[in-house]
Amino acid sequence: MDIPNEKLIEMYERMVLIREFDERAGILMEQDRIAGAVHLYVGEEAVAVGVCSALEDSDYITSTHRGHGHLIAKGGDPARMYAELFGRATGYCKGKGGSMHIADLDIGMLGANGIVGAGPPIALGAAFASKYRNDGKVCVCFFGDGAANRGSFHEAASMAALYKVPLVFVCENNQYGEFTPVADHLPIKDVSERAGSYNMPGVTVDGMDVIAVYETVSIAAERARRGEGPSLIECKTYRYYDHVGRDFGVLKRDKDEIASWRARDPIPQLREKLVGEGVLTEAEAEAVVERTRARIEEAIQFAEDSPLPDPAALLDDVYTETSVYTETRA
Amino acid sequence: MDIPNEKLIEMYERMVLIREFDERAGILMEQDRIAGAVHLYVGEEAVAVGVCSALEDSDYITSTHRGHGHLIAKGGDPARMYAELFGRATGYCKGKGGSMHIADLDIGMLGANGIVGAGPPIALGAAFASKYRNDGKVCVCFFGDGAANRGSFHEAASMAALYKVPLVFVCENNQYGEFTPVADHLPIKDVSERAGSYNMPGVTVDGMDVIAVYETVSIAAERARRGEGPSLIECKTYRYYDHVGRDFGVLKRDKDEIASWRARDPIPQLREKLVGEGVLTEAEAEAVVERTRARIEEAIQFAEDSPLPDPAALLDDVYTETSVYTETRA
Amino acid sequence: MPKKSMTAAIVTAVSQEMERDPSIFLAGEDVRVGGVFGTDAGLFQKFGGDRVVNTPISEVGIVGLAVGSAAVGLRPIVEIMFSDFMGICMDEIVNQMAKMKYMFGGKATLPIVIRTHVGAGRSMAAQHSQSLEAWFCHIPGVKVVMPSTPYDTKGLLIASIREDNPVIFMENKRLLATRGEVPNEPYEVPLGVADVKREGTDVTVVATGYLVKDALEAAEELEERGVSVEVVDPRTLSPLDRDTIVQSVQKTGRAVVVHEAVRNYGIGAEIAASIQEAAFDYLDAPVQRVGAPFSPVPFSPVLEQAWLPAKAEIIAAVEAIVPARV
Amino acid sequence: MPKKSMTAAIVTAVSQEMERDPSIFLAGEDVRVGGVFGTDAGLFQKFGGDRVVNTPISEVGIVGLAVGSAAVGLRPIVEIMFSDFMGICMDEIVNQMAKMKYMFGGKATLPIVIRTHVGAGRSMAAQHSQSLEAWFCHIPGVKVVMPSTPYDTKGLLIASIREDNPVIFMENKRLLATRGEVPNEPYEVPLGVADVKREGTDVTVVATGYLVKDALEAAEELEERGVSVEVVDPRTLSPLDRDTIVQSVQKTGRAVVVHEAVRNYGIGAEIAASIQEAAFDYLDAPVQRVGAPFSPVPFSPVLEQAWLPAKAEIIAAVEAIVPARV
C-alpha cells in the first residue's frame, strides 16, 4: 500500500502524542493529581494509530478501559482529556466519567468502558446503524485478549457476522489480562483463531508495526464497506507497564520479556523507517517530539487551570430533560 | 465399535420410551391435562440415547428446556416425570419445577433449564468437580443450535478447554431455534466449527443414527476421562413438532423438509438394523413397543392418581433449613 | 371508541410510530413471526426485515444492538421475550444503557425502549414468571413503565418511544388479552403520571400491572361491605408520581400497596416508605403491603395460585386497617 | 485480642475454612496474585492452583463453575471482583443459583459464597462503585450479607461458608483497611441476626456497610447535642432481622435508615416500610431515609463526595425528627 508522506508523519506524531500523554498520565497518577484508576497504553501505540489511520473521521470506534490511545488516535484533544482525568468541568465528560469513560461522540469515539467486553455489543449496534442508514461508515471495536473470553464478544461477533454489518474487531493482545498471561486464560494461541466461529476472516498481525496494522485494517474496512461483513484482526502487542499505572509491583514479569518487546518499540521503529526513507529528517522527527511535549505541557496546564465541577451539577445529565414533550415529538 | 446386543436392545427400548412419552405429553398438553409449556423431543431420540448410552450411570448431564428425552435416556422414571408435568406432589420436583425444570440429581441429571444456554456454565462446574475430586466422571452438556449463540456457551467452552475438565458438549442441531431456522441465526454451517475457538475437537454426526452418536460420544468421553479435555459434538437432527407442543401453527415449515427427515426416523432405522442383524425378531421389537406403551399408560395413571401439592408446602425448599448450625458444620 | 386487546394496543403503537419515524426499528427473538405473545404481529410483513430484525438468542447482543445504534442516532425498540431473561443482559442495561449519558457528561442520547413480558399465572414456572421491576427502578438513567389497561398501554408505549431516555416497558402476560377502549389515532399517556383508576374515601390502594385489576375487583367487593376504596395506578414506576399517591392518602388516611412481585424488597417498599414520609400525620394506620411470598414461582397451578397475590389478599390487607363498617 | 484489617479478616476466614474442609475451593479473576484488593493474599501459595483457581474474565463462567460444582457436592467460594459486574452473571445467580433448590423440589443443595466488592469513594466512577444489594435481597433463595467491622466480617464469612444456602457476601472497598479486634480462632457470627452497635434512647439509626461508621460518628456528634442515638447494623440484609430493628424503634420511637446505595428503591425502603408496619403506634415521626441521590456515581472526587451519603446527611435526618435538646 502506498501511504502518503503526510499521513506517515501524522501517524508518527499521533504515536508520539499517545506515548507522551500516557507517560505523563502515569506520573500524574503517582503524584495523586489524577484520582482513580488509569490504564496506560504505553507500548501499544501502533495499534490505535494503525487502526484509526485506516478510518475516515466519520467512522466509529468503541474503546476499552485502556482508552487514551484510542481517543488520541481518533483525533481527541489531549487538553480536554487531561481535564477529564483531573476531574474538571472542562473535561470530555465534565469530570463525570474519568479515564474509564472518556468519550467523544462528535468524532465517533463511542467511549472507553469500565466493563471488559462491553465494547463488542455496542460496536455491533453502531455498525448496524451504518448498515441501516447505508451511510458507508465502518465501526472498529477494540478489545483485549482478556475480553475475548467474555460472552459479550461471542454474541456480538456472531450477530455481526449474521447481519454482515460493517464492523472490524481489533483484538489488542498485549499478552496479559490484568495479572494473568494469555497462556493462562486462553485455550488457543491466537485470538484470531476465533474468527472461524463466525465465518469471518481472521488474521494476526504484528501490533508493534503500525504500517502492518494500517494495511490490514484498511483491507478489512474496505471489505466491511462493501457490505461483506466483519473481520477479526489480532494485533500482538505489549503492555509496557503494570495493569493500572506504571508499576505497583503486583506482577512480577520476566525482565527479558519486557526488554525483548521494548527492543521492538513501535515508535523508534517507525521513526527509523521514516528517516531511513527520507520522509523525515532526524531533526524533523525530533521536532515532532518537542512539539508534542510542549502540547502535553499546555494540555496539563489547561487541565490544572480548569474549574472543578459544581456539586450542584451532580444530578444533571442523568436524564435528557428535553425529551418530555419536545420538538423531537410528532 | 462392538456394542453388546443387550445394550443395543436397551437403546432401542429407551428411544421408544422417549417417543411414546413425548407423543403422549403433546396430547396431554392439548387436553389441558398438562399446564404450561412442554417442548417435545420427538424426532431427536437418537441423540439423547446415543449420548447417554455412552456414559456411566454415575456420569452427569445438563439438559435444556427440551429435556424429557435426556432424563429418560439417563434412566429417569416416566411415572415421576408425568407426575411432575401434571404438577403433582409425587413428581420429580414435587410439582414445583414442571417440564422446564425436571431433574434427578441422584442419576446425575442436573436439570432441564428454562434459560436457553444456561446449561454450559453448570456443566463446566460439574466437570470441574470431577477433575477436582479426580473421580473419573464425565459431564455431557446438551445444548441447542440456538443456544450456541449465547455468550454463556462461549465462556463455559473456553474455561472448560483451559482447565481441561472432563466435559463433552453435545449440540442438538434440530434446525430451528423456536421459529427461526439455523441459517437465519447462525453465520456458519456447522456448530462444530466453533470447536476451533477453544482448541477442542469438533465433529458433526448424523443425529438420526444412534450408533454414530454413541460411538462419537464414547470417544469424546474417553478422551475427557483421560484428562485431555472437552470436545464438541454436533448432532444434526430434527424437531418433528412445533417449538412448544405438537402444532400450534406458528411456524409454516416445508412439507418436504419434514417428510425427508421423517423418512430417516431414528427409531425404525435402529429397529431395521437390529432385526436385520438378528439382534431382535420383529415380534420382539414389537413387544418392546407394546411393553413401553403399557408402561406409559401406567405412568400416566400414576400421575393422575397422585395428590396435588399441599399449598402449605409453598415456602418449603426455598432454603435448606438445616444449614444453620447443623452437623455439616465443624 | 373501538375495543382492543392490550396485545393489539402494543402492535398499533409500534406500528404507528414506525410509520412516523424511519429511524425507529424493532429487534428481538422471533419478532418475524409476530413474537411468541403476538405483540409484534404483522410488523415484519408491514415493515420488512430491515426494520423488524429477527435476532439470534443473544440477549446481550440484542441490548448492545440497541445501545450502539441509539448512540449514533437510531431509535431502537427491542424485545426481551421474558423479563426473566433480563439477568443475561443486565450489564448492558445497567452499566451501559442507563449510565452512558451521565458518564459522557450528558453527550449521549439513548432513545431506547426495551419491551418485555412479566408476570406469573401461566404455569411457566420459576424462570418465566418473574416481576423484576424493582431492579430497574433502583437504577438512575432508565425509566420504568408498567401499564394495566389497553388504553394506557398504547399511550404509554407511544410516549416511551418518543422519549429520549431509555425506557423499560413491562407488559404483563395475563393482561395481554384484556380488552378495552383504545383510540385509533396515536396519542401519548405521559410518563411519570399516576392515574386514579377509581375514586374512594376510606383507603388508597396503590396497585400496579395485573394487580390493578385485582384491586378494582377488591374495591367492588369492599364497596358492598361499606368500604370506599380509591385505586391509584402509578403506571410509571420510575420516575414515581409520589404526589398523586400522597394526595390520595392524605384524603383517605390509609394505604395498601399492591404488586405481583415478591413482597420483600419489592417496589411496594419504596411506595410505602414514601407514603409514610410524606403523609405521616394523615395516616390512621400503618401502610400495608401485598406482594408475593418469598419463594420462586412454582409450576404446579395449585401452588402458583397460592403464590399469586390477588383479590383476597388485597381485601384482607384493607380490612386489617379499615374499621368494619357493616 | 489482635487487631486486624477487614482484608486480613477475609483472608483468615477463607484460609481457616479451606484448611478445615477440602471440598472448599476459591475461584476468581486474579486470585492467584491475591486479588486486586488483596483479599486473597497468600491463598494461592498456601493451597495451590487446584484449590485457588485463577479464572479468565468470564463472570458467567465463574458463577457457572460455582453452581455446577456445588450441585455435585463441592463448596465453592467465588469472587466477582466488583459488584458492578454482577449484571453480567445475574442470570446464573438469580435463575440458576437462587432457584435450583426450589425448582428441583428441594433436592439440590448449593453451599456457594459469592464474595464481591461494593461501594464508591475511590474515584472509580460509575461502573466500579455501585451498591446493588437491593437486587439480591429481592430474590428468594439467596442470602445477602454486608459486614461493617473486621470482627463481623470474619464471623459472618465463616458462617456464610458453612451455610448450605447460597450467600452473596458484600465487602465494602472503603472499609477494607479498617482495623479492629479479630480473634485468631475460627468463629461464626450467625446470619440473620442484627447487631446493636451503639445503644441510645432517642432515635434508632439503622445503617449498613460503610455507613455504620458514619452513623457511629454522627451519633457521637449528636450525643454532644444531647441526642441519644441507637445504631443498629442488620449485618445480614436477607433474611432481615426485623425483630431487633423493630424492638429498637419501639424503644426510641424514631428511626432513620441509612445506606450508601441510591435511595430510590433501595434497601432502606424495605426497612422503613417494615418499621412502620410493625411499630406504627410507637413512631413519633416518619421513618427517615438516607441514601445516595438518583444518579450514577460520578468520577470527579468533588462530585463523588457530594454523591456519597455521609455523616452530615445522617445528622440532618435525625435532626429533622428529633426535637432539639440543647
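We just call them A, B, C and D in the order they show up, numbering each chain from 1.
The rule is simple: a residue touches a chain if its C-beta (ideal position, glycine included) is under 8 Å from a C-beta of that chain, and two chains touch if they have at least 3 such contacts.
As the structure is a computational prediction, the values presented were derived from the model and not from experiment.
Chains making contact with subunit B as well as with subunit C: A, D.
Of all chains, the one whose Cα centroid sits at the greatest distance from that of subunit C is A. With centres taken as mean Cα positions, subunit D sits 30 Å from subunit C. The distance from the centre of subunit A to the centre of subunit C, with each centre set as the mean of the Cα atoms, comes to 40 Å.
With centres defined as mean CA coordinates, subunit B is found 45 Å away from subunit A. Mean C-alpha position of subunit A lies 36 Å from that of subunit D.
Subunit B has residues 93, 95-97, 101, 113-115, 149-152, 155, 158-159, 162, 184-186, 318 in contact with two or more other chains.
Annotation for subunit D: residues 55-56, 58, 60-61, 84-85, 88, 91-92, 95, 102-103, 125-127, 140-141, 294-296, 298 touch two or more other chains. Of all the residues in subunit D, the ones that touch subunit B in their complex are 20-21, 25, 50, 53, 55-56, 58-61, 63-74, 76, 91-92, 95-96, 100-109, 111, 140-141, 143, 162-165, 186, 188, 190-192. The touching residues of subunit A, when paired with subunit D in their complex, are 35-37, 84, 87-88, 93, 95-98, 100-101, 113-117, 146-147, 149-152, 177-180, 184-186, 250-251, 308-309, 311, 313-315, 318. The touching residues of subunit D, when paired with subunit A in their complex, are 29-30, 32-33, 36, 54-58, 60-61, 84-85, 88, 122-128, 293-296, 298-303, 305-307.
In the complex of the two chains, the subunit B residues touching subunit D come out as 60, 62, 91-97, 101, 103, 105-106, 110-111, 113-115, 118, 120-130, 132-133, 139, 151-152, 155-156, 158-159, 162-163, 316-320, 322-326, 328-330.
For subunit A in complex with subunit B, the residues that touch the partner chain are 149-155, 158-159, 161-162, 184-188, 193-194, 196-200.
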